[in-house]
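Two complexes follow with chain A in common, the first pairing it with chain B and the second with chain C.
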Partner chain A sequence: MILGQVVGTVWATRKNPNLERLKLAIVRPHFWYNPPHDVDHLVAVDQVGAERGQDVLVCVGQPGRWMAGTSAAPIEASIMAIVDRVVMGPSTEDGTP
Partner chain B sequence: MILGKVVGAVWGGKETNSLENSKLLQVQPVRLKAPAAADGSSPLEWTISANGPAVPLGSTMKVVMDTLGAGVGEYVLIAHGSRVRDLTVGPEYPTKEVVIAIVDSAWIDLGMDGG
Partner chain C sequence: MMLGRVIGEVWATKRAGAFGHRKAMLVATLAREGDRLFPTGEVVVALDDIGAQQGNVVTVSWGSGARAVFAPPDNRHVLVDAAISRIVDAITLDESGRVLNLQHEEG
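Here is the complex of A and B:
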């Protein structure tokens, strides 16, 4: 899974029928990750209602499709959670970084 | 999945049997922010639409199988992987990149993270 920020939305009417009613969000990963593409964005199915500007957790690969509710949808990335807070490195006693 | 722009079609005069009856497109992936323009000189907001302005594209090119009928100049959503292929064009086709949607419009705003 990767951390990223929702930066946009995609609308499409001509699409694979199994993509019906799925919301598509454009996500910019916060950190380096290893996609099979030389790009700086990815499009993920949004099931949690993330809004633009929010940080999200994106699951890439097959589990992302399982989580989309329909295993027949040809997708490989979906938003699993909206991130409230991330702590990196050793935390202090009261939990703040 | 990623966004890309169809820049051309590919035809094979002689091709492997499993590629017959398939349509191949040359697609250039969208690159939201070129590394050289990270100083804020590039726009942070784009709208992809039928007659909208050009969205920055990456320097790479990929050949993608299409069953939806995308045309040159259109933006498409590309999914990657053998499972995606099985669910769209079928397991008999030797490809890992498939067009799963033709983009009507998209809105991108990179200005929210403070540049």
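Here is the complex of A and C:
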């Protein structure tokens, strides 16, 4: 998965029927492993209600497509979670930050 | 699969149901140069079921096969494209067969 920030939303009236009722968000990755295209953003399906400015986890590829409930949807990225915080370095003994 | 080192943890309350309650770890990918491993500068977020800790070297399964890391039937509804599949104790890096003990070496 990719850690990124939501920087915008995509609205579209005419679209592929498999994209109906799906919210699309523009995500700018903080880190990107092996990016498939030479751009600094990706458009991801959002089913968790992320807002602009929030950090999110984005699942890419086939698993991201299943998020829409069908493998027929033309999707390659889905927002999986809204990040509360990222803990770097050693954590405390009981594992909580 | 790829080798990486756990460098952090991602906390998220609002998450898709396909995630379950598994931890999401930040893993910096590692590349080999000679008999050393060094970070490539790329970071991936991987789900963790086996309790990887900060600093552990791990293998990350990638793509649609990542779901197979989690035991069935629990994995039926898991949607994930990266998962920590094992914690690496040691590997051999070069033809001489020298063993590099990863859990006790900084890098």
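Things to note:
Methods note: the second predicted complex is superposed on the first by the 90 of 97 C-alpha atoms of A that agree within 3 Å, B and C clash if a C-alpha of one lies under 4 Å from a C-alpha of the other, contacts with A are read in each partner's own complex, and residues count from 1 in each chain.
As a convention for this text, a contact is a pair of C-beta atoms (placed from the backbone, for glycine too) under 8 Å apart; a residue touches a chain by one contact, two chains touch by 3 or more.
This structure is a prediction, so every number in the text was calculated from the model and none was measured.
With the two structures aligned on chain A, chain B fits next to chain C without clashing. By the document's definition of touching, of the two partners only chain C reaches A:Phe31; chain B does not.
When the two complexes are overlaid on their common chain A, residue A:Arg52 makes contact with chain B while staying clear of chain C. Of the two partner chains, both chain B and chain C are touched by A:Gln62. By the touch criterion defined above, A:Trp11 reaches chain B but does not reach chain C. For the superposed model, the angle subtended at the Cα centre of chain A by chain B and chain C works out to 120 degrees in steps of 10. For the overlaid pair of complexes, the smallest distance between C-alpha atoms of chain B and those of chain C rounds to 12 Å. Touched by chain B in one complex and by chain C in the other are residues 61-62 of chain A. Residues of chain A touching chain C in their complex: 1-3, 30-34, 47-49, 57, 59-64, 66-67, 78-91, 97.
Per the touch definition, chain C reaches chain A in the complex via residues 7-16, 18-19, 24, 26, 29, 42-47, 54, 63-64, 66-67, 79-82. Taken together, the chain A residues at the contact with chain B in this complex read 5, 7-16, 18-19, 24, 26, 28, 35-44, 52-53, 61-62, 65, 72-77.
Those residues of chain B that touch chain A in the complex are listed here as 1-3, 29-33, 58-60, 62, 68-69, 77, 79-81, 83-84, 87-88, 96, 98, 100-110, 112-113.
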